[in-house]
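As written, the chains take the letters A, B, C, D and E, and residue 1 is the first residue of each chain.
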Amino acid sequence: MATLALRGLSKSFGTTQILKQVDLSVADGEFLSLVGPSGCGKSTLLRIVAGLESADEGSVEIGGVPAGHLRAADRDLAMVFQSYALYPHLTVAGNIAVPLRMRRLTAAQRLPLLGPVLPGARSRGREIEARVRAVADMLDIAHLLDRRPGQLSGGQRQRVALGRAMVREPAAFLLDEPLSNLDAKMRLQTRTEIAALNRRLGTTFLYVTHDQIEAMTMSDRIAVMMDGEILQLGTPEELYDRPADIRVARFIGSPAINILPAETDASGHVLLCGHDTGMRAAAGGRIAHLGLRPEALAPAPHGPVAGRVRAVENLGSDIYVQIGVLGAESPVTVRCAPTVSPRPRIGETLFAAPVGRMIAFDAAGKAVPLVRAEVAAHV
Amino acid sequence: MATLALRGLSKSFGTTQILKQVDLSVADGEFLSLVGPSGCGKSTLLRIVAGLESADEGSVEIGGVPAGHLRAADRDLAMVFQSYALYPHLTVAGNIAVPLRMRRLTAAQRLPLLGPVLPGARSRGREIEARVRAVADMLDIAHLLDRRPGQLSGGQRQRVALGRAMVREPAAFLLDEPLSNLDAKMRLQTRTEIAALNRRLGTTFLYVTHDQIEAMTMSDRIAVMMDGEILQLGTPEELYDRPADIRVARFIGSPAINILPAETDASGHVLLCGHDTGMRAAAGGRIAHLGLRPEALAPAPHGPVAGRVRAVENLGSDIYVQIGVLGAESPVTVRCAPTVSPRPRIGETLFAAPVGRMIAFDAAGKAVPLVRAEVAAHV
Amino acid sequence: VEIQVGYAYGSIFDETMRQIVEGFSAAHPDIEITFRASYENYEDATNTVLREAVADTLPDVSFQGLNRQAVLVERGIARPLDPFIAQETDFDADGYHRAMLKLSTFDGGIYGLPFSVSTPIGYYNMDMLEAAGVEGRPETWDEVAEACRKIVANGQDAAFLHWNITGNWLLQAALWSQGVPTIRDGRLNMENPQGVAALESIRTVVRDCRMKNVSGGDALKSFAAGELAMMFTTTAYVATVDGTRVGDWAFVTGPYPGIGGAPKALPAGGNAAMLTSTSQDPEVLEAAWQFIKYATSGEGAAVVARTTGYIPPNKVANEVLLADFYARNPNKETAVKQLPLLAEWFAYPGDNGLAATRTIEDYLEEIVVGGADDMPGLRDEMVADVNDLLN
Amino acid sequence: MIRQFSASQTLAHLVLLIGAVVVLLPFYVMVATSFKSPSEIMTATGGAFGAQAPVVSRSCLARGGTDADCATLPVVENYREAFAKAPLWRYMLNGVAVTVSIFLLQVLVALPAAYALAKLRFWGRNAAFALVMFCLLIPVHAIALPLYVLLARLGLTDSYAALVLPWTVSAFGIFLMRQFFLTVPDDLVDAARMDGMGEFAIVWRVMLPAAIPALLAFAIFSVVAHWNDYFWPRVVITGNRDLFTPPLGLREFKGDLDGNFYGPMMATATVIVTPLVVAFLLAQRRFVDGIAMAGMK
Amino acid sequence: MSEPRPEIRQARAGYLLFLPALVLMIVLLILPVAIAAVLSASDYALGNPGFDWVGTDNYSQLLSRSAYRKMMVATLAYVLIVTPASVGLGLGAALLIRSLRVGQALYKTVYFLPVMASLLAMAIVWEFALHPTLGIVNRGLEALCGVDGLRAALSGSWAGLAPGATWFGRGCVQGFPLWLGDPDYAIWSISFIGIWQGFGFSMVLYLAGLSGIPPELYHAAEMDGVRSGWERFRLLTWPMLAPTTVFVVTVTTIRSFQVFDTVEALTDGGPVRSTYTILFAIYEKAIRQNLVGVGAALTVVFLAVVMAVSLIQRRLVERKVHA
């Protein structure tokens, strides 16, 4: 159990800078997710924390103690890999036991034939075995202990990899996209389990993924990373409702947020597709885009957003209607209840109006707080 | 453009019967999805239609004509594979051109060096080239024509595979989980494109997937297949709202439907966790389970469904609360708006009441229509 | 003490050596003889010993081809035997054929004692000769050609001349039989009519006998199988033919044919025992000497005659111990009768000696595969090539 | 693909069968000859496995037996002679000892090197790999003499060391293993590092077990090459017959001129070839897989 | 005690782990090659007390002496016969075997047997099989002559040809060739044995390559309208096997250049040097004739040639892969 702190981490491969002065603190026991598009440097950051790679600049502290001089094995961190990285020749029990064997047994005691008969090896061996069993019970893989990884399903392997990480009660867990090799169903199930694990063990989790739903549902806080920088760090709600950057807004949320062109009129009111929204920028900046989540739009007889229906996706629980809006980069998605009537049909024109929070961005993509125009006028 | 009709298809591998007397008709121009859990025989069925495998019993008709005696190359069907199956040594243009070259050029004209100088080869070659370009334009991959598959992203490969299928205007498309190798974002984007393609081309699509969201959003009709049988065939709405079988109800919908124990009391009223629901079976059967979609449940001070909160997943647009309910097989999921207040917290007890459609099943898992108890009394 | 011994042609001498050791051990129970892996042939014998000299793992006694001794003496690997001979009171150097002893004498010192000696002879399947209407054994190559024509006409394989025996032995035989030494003043001595005649004699056999370019072993097999009428090669194989003969036909040996008449001389084939020990231990040296002495004289030599086709180098053996043996084995006596003709088997001088041997072999093979007709021309080319190497 | 006519299958079998006959011909000759009496060999009679009419053993006669004592079946005579002429068991044992030690040493040297080339980043790695590729081209025959002199200076000729040492580094093995290691995910190595293993431990505890299929393929190549090697043992083993390997034993029969030990010689050849064939039959399936996995395609 | 950065630790481990192999490669392979390169400028011979530098004499000999011209011819002939033939047969066998429904394992095993067998043992067997009169090959051919119908068919006499007009007819009349003793046949015989011995190796590599082609690709081809086996091969199999082919060709070429055992055991480079391949020449000069300098010069030439060949092939692969 420990805090993790990264200060001013930079890293380049060749001439391309992958990490640019990254600062990040993970509280003790916190579940922090690092999300970002592929190639943005998430794995690199994790590997630097783990001690598998070194930073060009900056420092890593684990539990408040600088860890720069420690090798990976001595940092008391456990890592779970995307490909699970299980030892194919060892049984499940053997895989889980490795970290303990490497730490608790002397080199001599680890010898193949001779080792087990050395003094102390017996009792240590039993300890390890007991610990492995306990972990396996916790993860519900006790019945698989004698199998080899090749004989397991993806989800089971995933749990074995977790077990191997858990078995030695590390100061923190580092997980690098541990769910991305699972199919949709399995992923759904496992992500709940991992979040529960974090709560149960109370250990710090640093979790890397490029799947924002995963991050949203599991994390205490999320750091959104792009191009080697952390764009925003906050709770899932903060990121969803109050993204600091248009890139964050675009990245978080599924289906993606609708970005619509907006202007500020002479009186400072924000215009959405030419219609006054009755809002203005709190600090009076100029606004270039408005972000509206699909659920923040609803069909309305004469809403400001209008376009031909391109697609109607009925998920049973919701209906997503995509309309082509002039001036918007991509089709605008509107969420409707399955009971909506009349049901929008492809080809007809649909009008929609904002019914939820609007997020405003300036031309540089920075979020601009909005306030009700009247209220502001009163102030 | 053609109908597809399968009649009484059976197929066994060794002693296990994979397909059991499957009947299925696909209308001309229809987009029909075949969904089902892994290993239920979807691919086998598709391969039999394609002519890559033969059925033990039953027949396949394409455009009303029995196709049993035709080999795959002669069936005028195009197939898109899960792994795309692009020829790695050919450029994108080359890949797309293959079906045309095989059909429009004679064996001599296809010869490496000699071929192109044979009479007629020139003009045919130009025709093919033009057609390839047209298809590439339609799929927005014209700028990739000179690349090889290895240099493309998953989504681009997917489109090339589609292009190769489209180029010769087949009678029908067969698609075997074409999106499963894409990441979440790409999958979202591509599924809309494929549905649009079906509308634009007006060609029959038979689409295999085990992802029900995919099927829900794209299809005219969906066939749910399990254990070699088609359990239900209907529109997405039908399957979601009126599943014929508890297995279909469980399979369709994400998060999955909540199955709760139910009884029928002496007066024929359906009891949910002991509380009268005010409904009864239309035909008076005994009811064993009630299915409630997450959105059909809502927190209510004294709802019949009660349990400790196990997990709270905030997706930003919705919050899913999982509660452990006595008697239910798995945690019950309740969908709340993100604005719900007080926000449920892990560990506290939550009460929920049905607010939407209830689906009743008898002990054998067959759906039983429900009617309002009072109404029934009046009739 | 243990002494290590190496010899060539295991298939011929294994049994010989076994019997010699049996006898030797009885006489010298305190000396143990260990045999090295046998050398494949005389070139291999020399090369192996040269390599072993580098590695300092030389055997104590090594049996080397008569024409290969010079190399070992030049490089200081072989030790002179004179000191040991001098110690012997009853050692009869005269027991050895003079000619043979001369083959092992360099700069007045004796470096080897001949162990087994061979001369080329003719092998005849008398049944086949008679069937073809040939009377008696041919004495000259012309007579051989004559006989061949008859046998070929009779539809049978006529003759095989073992032209590729190591060290151009039979070419040297063809030259010696005309009284011409192969090497004179360090150069190939064939720029004379006899040189051409020697080549012609080979071509005659190839042409008139329809001789095929098979290996000596294959020819031997055919002869033993009764499918080849005549074979001209070393006397060494007499025992082999005796042992592997198939069928019941008259096997007779005869003197080696000459060119235009009986041979004037013939090169001595075979090998000699050399002392190659690097040991400083007088006891080992003495033991090695005892073995050399035993193997090359008296009873040891007699074993050679009994188990192989070779001639024992020792008069004592030939005349005393083996008198009635030859009466019973006339085929083996042919070579003995040729002993007076014994002459030097030349080694080509210089580092390129073996390369020269091989070059000559190549030219001879041209003849054998029927690719050469102009013998003087071939001779000129060959002499030029070889002398180029010998420079 | 789907409806294969059995005609094409039949044709394929026919072609392959003809090929198989040609391929097996020498093996047939070898085994058949090892069953025959000398006269049957000379006259090419006796059918596939000889008439097995009793023959008189020559070596038995030489030891002074009578014709009656020495009558045996040709097959018995050939194989008995094969083992009597040379201590074949001893040679085979040497062969096993030599090939096994060569293989073990090769693995000991090649595995770490291959791991370094495939998974560790260090300056000069490409040059190191180029060096390996160059060494792949050097046949021992071409450098036998310098190598011999080297061993001679160390006083190692005529010893097991001379048979084994020159082969301890196998460029081919390094190459093969490197190709295989390239397919092992980097994550596995990192996981091992996190688990507390050093690079050395990773080689032996993680990479070695993972590489078993590729090692098997390599084992076959290595063992075949060295079990059958005739050239090198001949060069370095000049003195001590006790160090002979099987092919040298075979050579005992291949004197310059005799063709008369064909029966025993073929018996010896059969005895020498058999262990490898049996080993291959046992390992056959995994061998092909191993080659495929080693990325040799 | 500060640990070095992981990258440096890794590099150190890399050096350490590669070191044994490096040392051994240098001592056992590179050093001897270097010695050979040095000796190639000398007239060193084993057992001589010293040696003289002869400059490039040894190399100019290689150009001037006819034996070395024959060596080049024989070596090239062998390589050019054996490489394409064993690669082609290996590919053919692999394809045929893959197409079988039953018996795959059997043929695989049979065809790989020669690769396993001791070359020396098999060379002796081949020598016996090719024996001009006793060998099974010529006996078999003669037996065919004895069957009238077959003889007529094979010798072409059914078409009115003279008995000796065809190869077979001539064989029946004059006897079949001395496979190893006739300069016109020897290189072919040796090459044949080389192919016999080596094509199983190509076959195994091709089988591995074939198993790496995803079956879905074949299904896609089928859907694309590929009907014949030949089209399937052209469109899919052959291009997909390109990397295998390059590897197989490289390995086979190098192995062909290294032919030695069969030559040494069967022909000794003859008849009239028609099978005088370069490795045998090296052996003959350096070991048999004790002309170390010349042998060393040949070694250097050999390595240069083999390296050139493999570099060229490397280039080809790179061009293919990166095109």
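Throughout what follows, a contact is a pair of C-beta atoms (placed from the backbone, for glycine too) under 8 Å apart; a residue touches a chain by one contact, two chains touch by 3 or more.
A quick map from chain label to UniProt name: A, B = ABC transporter ATP-binding protein; D = Carbohydrate ABC transporter permease; E = Sugar ABC transporter permease.
A quick note: this is a predicted structure, and the numbers were derived from the prediction, not measured.
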### Query
What chain pair has the highest count of contacting C-beta pairs?
D-E
### Query
Using each chain's Cα centroid, which is most distant from the centroid of subunit B?
C
### Query
Roughly how many whole angstrom separate the Cα centroids of subunit C and subunit D?
37
### Query
Any idea how many Å lie between the Cα centroids of subunit A and subunit C?
91
### Message
Using mean CA coordinates as chain centres, what's the gap between subunit A and subunit D in Å?
### Response
56
#### Entry: Two or more partner chains touched - positions in subunit B
51-52, 71-72
### Query
In subunit C, which residues are in touch with two or more of the other chains?
51, 54, 218, 221, 225
#### Entry: Touching two or more other chains - residues of subunit E
7, 9, 46, 134, 219, 222, 287
### Query
Of all residues in subunit E, which touch subunit C in the complex?
43, 45-49, 67, 131-134, 178, 181-183, 270-273, 284-285, 287-291
### Message
Residue numbers of subunit A touching subunit B in their complex, please.
### Response
183-184, 188, 192, 195-196, 199, 210-211, 213, 216-217, 236-237, 239-241, 252-255, 293-295, 310-311, 313-318, 320, 322, 335, 338, 346
### Message
Under the stated contact criterion, what part of subunit C meets subunit E in this complex?
### Response
43-44, 47, 50-51, 53-54, 71, 75, 77, 212-215, 218, 221-222, 225, 227, 351-352, 354-355, 358-359, 362, 365-366, 368-369, 371
### Task
Mind listing the subunit C positions that touch subunit D in their complex?
4, 6, 9-12, 15, 35-38, 40-41, 48, 51-52, 54-57, 59, 166, 216-218, 220-221, 224-225, 237, 240, 243-244, 246
### Task
Provide the residue numbers of subunit A that touch subunit D in the complex, in ascending order.
47, 50, 52, 72-73, 77-79, 81-90, 98-99, 102-103, 164
